[in-house]
Amino acid sequence: MSTELLTALHVSYIQNLGNSTDDLMYHLTAHLRLNAIYWGLTALCIMGHPDALDKEDVIRFVESCWDEKAGGFGAHPAHDAHIHPTLSAIQILITYDALDRLDVPRVVKFILSLQQPSGVFAGDSFGEIDTRFSYIAVNALSLLGCLDQLDKDKTVEYIKQCRNFDGGFGSTIGAESHAGQVTVCVAALAILDRLDEVDTETLAWWLAERQLPNGGLNGRPEKLEDVCYSYWVLSALSILDKVAWIDSEKLTSFILSAQDTEKGGIADRPGDMVDVFHTQFGIAGLSILGYPGLVELDPVYCMPAPIIEAKGLRKGRFRTTCND
Amino acid sequence: MHGVQRVRQSAEAVAAKKLREQSKIREYLALTDEVLAKKAAEDWSREALGLTTRLLQINPEFYTVWNYRRNILLRGVFPESSPAEINDFLTDDLSMTTLALKMHPKVYWIWSHRRWCLENVPDGPGTDAEGDINGWRKINWERELFVVDKMLNADSRNFHAWSYRRYVLARMPDARSETAELAYTTRKIEANFSNFSAWHQRSKLLTSLWGSGKLEYSKSKEEEFELVRNAMYTDPNDQSAWIYHRWLMGAGADKEVLEREIAVIQELLDEQSDSKWCMESLVHYKRLLLQKHSSMIDVGKVTNDCRRLLRELRGIDPARQRRYEDIGACSIADHTMF
Amino acid sequence: MNDEEDATFDIIVLGTGLTESIAAAALSKAGFNVAHLDRNEYYGSGEASLSFDEFIKWQDKPQPFIRGASRSGDSIEQARAYSISLSPSLIPSTGPLIDALVASGVSRYGGFRLIERVCVYEASGIVKPVPGSKEDIFKDKDISLLDKRRLMRFLMFTAGDFEDKKELEGHADSPFPEFLKTVFSLNEEMTDAITYALAYCLSPTDPTLPALHRLRRYLRSAGRYGASPFLVGHYGSSGEIAQGFCRTAAVSGAVYILGRSVNEETISSDHQHVIQLNNFYGRLTASLVIHGSSSATLHAAVVPPPQALSAPFSASSPNYPVARGVAIIDRPLSLGVPATQFVEGEEAADAPPPPVLDTAVVVFPPGSLPNGGSSTAPATALVVGEGTMSCPKGKWISTPTSTPPTPRARPPAPDPRTLYQPGALPDARAVLQPYLDAVLALASPSHDADATQPPTPLFSTFYVQTPHSYVSGAPSTDDEPGAREHLAPVPLPPVFPLPDAGDAAAVHAESLFWEAVRVLMSARGGGEGEEIKSMWPPMESREEEEEDFS
């Protein structure tokens, strides 16, 4: 167990992810490849090593995932276009300042084609709907500077209907509040400047109660802690300016305790197998907590803040004010 | 990876495992290449369908292959099949994904494929005039509820299963009554009242049942208070009950209920003087009293109660002390300060 | 082995009770050459599971520790389909016996069933389910809110590390019911339920600390294989389990000879035991003999059971006679507990029909039977049905048990080796008939015309089991080389809290195993052979370990 972030180990862990082709799990997760590159690259940027991967290699790989027929990105060459890897492609290209390599109008068309009459987005042409996909669409369109083409009211209308009495949000209308869904809905509303739809006090209460005595955060009441909720809960708290409502120190030690101190990477909880998803969300969480030496993460876009700042997309923080 | 333990292995063991994996990798990649090549060639044959079955059994997260499978069925298989055969194909796919779910209960793509299957069950076996045009649909949807019951028995918090359950209930041809579903949530809660998923489902059902007048609002609500009170007293540390109680109380418009519940919680606090949730809830409900009924209560006393409880909370729940400070720093009654 | 030939072993074990069988299996698996003998034709000695006819034969033969048997008849239909246990007991889902079953692989041979319901009988003549878990307490309609909180607080206290808690200060030796009332403010009714139906105390004066240890072991057993903390084995449980260990010993090479008693035991010139059996020509030679409880009459080094407070057997376990009954009935008990508490809407149509109760325990606290029952001792009745493979379809075996007070019921310094002096032996029928009647009154109504009448048992018997008399030798020490060659486990008392008999045998077997290993290794001159590190060698395949219980 380590009490500090093992940056060098994590950097080399992420760098070596692409060299694991003799590992069956590498091939079984091909459907997440583009997402994994986005997670790895973002973690590297947050740790101050944005050049740790071969930029041109990565961009060429992104291009090879283009699904010409659909006009979006699959997660891997020859995989079908889906809204999630499409966002990852955009995020990677923006991180590398290579948006010129993207057919923006076609991608925008692909994304907009997935909005349903109810306002929610589908993930692909087969129509699985989820507020995750609404966030992905809003995020992608915003990054591409094309938010004006979106029917914002309809989008907000659906998200609004997913709000529960506990202040949280679910994946669809009627679904239970879940920290991951809370984050995507709150972040989507933040991008759309509609945080007035959030019951801040109730939601921040619910989010603060996600912290367990061991410092870790869970995603729903009476569930186990998991490092990925360090990001999901924290980013929402951060957007609501309520990070102080949990114990940062304990959470920091919990995330650090889930590091693999030999080979690098972060796991869901101490002692488990690491993966790039939890590595990214652990480091993202530490960044939001202000861990020294890390680049600030933008909690709305889950990308390095300087990049979002440069695009003029940074959302102003709320200030707590008393009326008396 | 979620919940997979890290084991320290010797270099030899790792090397031996890698060696064993090589043939598996070759086999998997060959199958993947074959399937993706057939897909690129728009091969909608039954042979291709069989290959997707094999591949999806190895890797049910390969969403592209699920898509391809559906396209094979839609473009190659269904056009040359009778409705009865189409129904058989879909039933087979449902059985296949039932097995896959047992191994991978949280894979979105499997749940999503089931929805597609259900939505494509053809009319039949009869026609409008003769037999039941919804016969196959009824059988398939009815079975879904059974499958989802099994999934929730295995993991009563699986939110995929709960979402799917709501989907099936909303769309099945022979609709199940909301009161029957309410009884289901009762059983789930009795089996484990930490199961907030079941309490959540209950809150949605009751909202609907009260709205439609199928359950008498005031009587039913009292029963809910009774149920949740039992949970609060049995385990005051369990969040699920307190969150549900908060839903029952709502905005606190009914002063009598508010005061009654405050007394119930106070009695519990007297018995269990270290209960954070008692204090936290008392602060919340007393603030509602101040906000909604200030003209009818002793504002100074209630405000002082809140401040005293907030002070105590800072001591027993230090992780969230800033929240208690923030509430205490503003006018206790002010709900809009944030 | 051929009964004409002489044969040499490392160990000869006499008697196939649970303790000896577990020890024999472990010794055989550890690589020792074991001969395991029993004078009876069946396995299990005093813990055997017998078919109906075997049971009748057993009762008709004089048995060393059985007195005053009476019974209603000698025959029953489908007699071979019964497995009647001479030692009815429950198995906690975690504990020494389950550990031994899993570690030895014996669990793979055997089947087990969860106890479906434990009820406590109240003086008013009604039975109530015993709230032993958070869920039970939440659902229970009869407990007030405040009592729910108090009961939960007590259960949480007991399930945790209570040793240094302030609640226990000064109360370790207080009578347990008093502790519950004064420290946890529990009412009379709940005190009874906890004392007798959760902690299985044997008297109102049982001291608090051992009761807490016991209850904690049970609480930690809940949830492993189901809601109930207790299992019961198929085919009469204890006897079948003893046989399972013998089978494992045989697989590892142990030799079994049943139905032969020892004719003569001599010591050869090279300090080997030579045993000559009746009706068996070959002589058996071994460097160590373990005398199981049923044959422990020789001068032997005793192996006492562990005395730790946390062990299933502790110094507080009393050593007095027990009244046992066996009744065969043809109607299930109806311990009517509604399926769900909060009946609403279409509940009735939706809920599955109540299943026929297969396994249950009814606990009678002292004084709960105003007419005839004991006012100072509790009684329990274990009921098992066809699901336990112990009786045919549509039949149930009920085994009421009580420890009536006798002049020597509580010796001032309880010692498991204390001789019980037969004096005023209780009349088993007089003690137990009221409890059996109360159990029968709980049977489901039949569909016949006389539905209101409680059923008449198809068979019933009552008897008293007395503690083993035992002549002990000196404890084994290195200074007495002769004593090393004879080991005898101190016989366990006949009565235990219902879930403890098997666990006690398992921990006792472990002491016996290590003592035997020590003696055998020193006989070999040490150094020779591999050191034995654990009682059970690691299993080659771990699969199915958890799957065998249902």
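Per-chain residue numbering starts at 1, and chain names A, B and C are given in the order in which the chains are listed.
The rule is simple: contacts are C-beta pairs under 8 Å (C-beta built on N, C-alpha and C of every residue); 3 or more make two chains touch, one makes a residue touch a chain.
Everything numeric here is computed off the predicted structure, so don't read it as measured data.
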item	value
Touch-based graph of the chains, sorted into line, ring, star, complete or other	line
Central chain (distance from its CA mean to the mean of all protein CA atoms)	B
Furthest chain, CA centroid comparison against subunit A	C
Length of the line joining the C-alpha centres of subunit A and subunit C, rounded to whole Å	58
Centre-to-centre distance between subunit B and subunit A (centres being mean Cα positions), rounded to whole Å	22
Cα-centroid distance, subunit B relative to subunit C, in whole angstrom	44
Parts of subunit B lying in touch with subunit A, wherever the complex brings them together	1-6, 18, 21-22, 24-25, 28-29, 32, 36, 39-40, 58-59, 61-64, 66-67, 70, 108, 112, 115-116, 157, 159, 162-163, 166, 194-197, 200-201, 203-204, 238-240, 243, 246-247, 250, 318-320, 322-323, 326, 329-331, 334-338
Partner subunit C, residues of subunit B touching it in the complex	177, 179-180, 182-184, 186-187, 190-193, 215, 223, 227, 229-231, 233-236, 267-268, 271-272
Residue ranges of subunit A in contact with subunit B within the complex	22-24, 27-32, 74, 78-80, 82, 124-126, 128, 164-166, 170-172, 174-178, 200-201, 204-206, 208-209, 211, 213, 215, 220-223, 226, 242, 244-247, 250, 260, 267-268, 271-275, 320-324
Residues of subunit C touching subunit B in the complex	134-135, 137-139, 145-146, 148-150, 152-153, 340-342, 344-347, 349-351
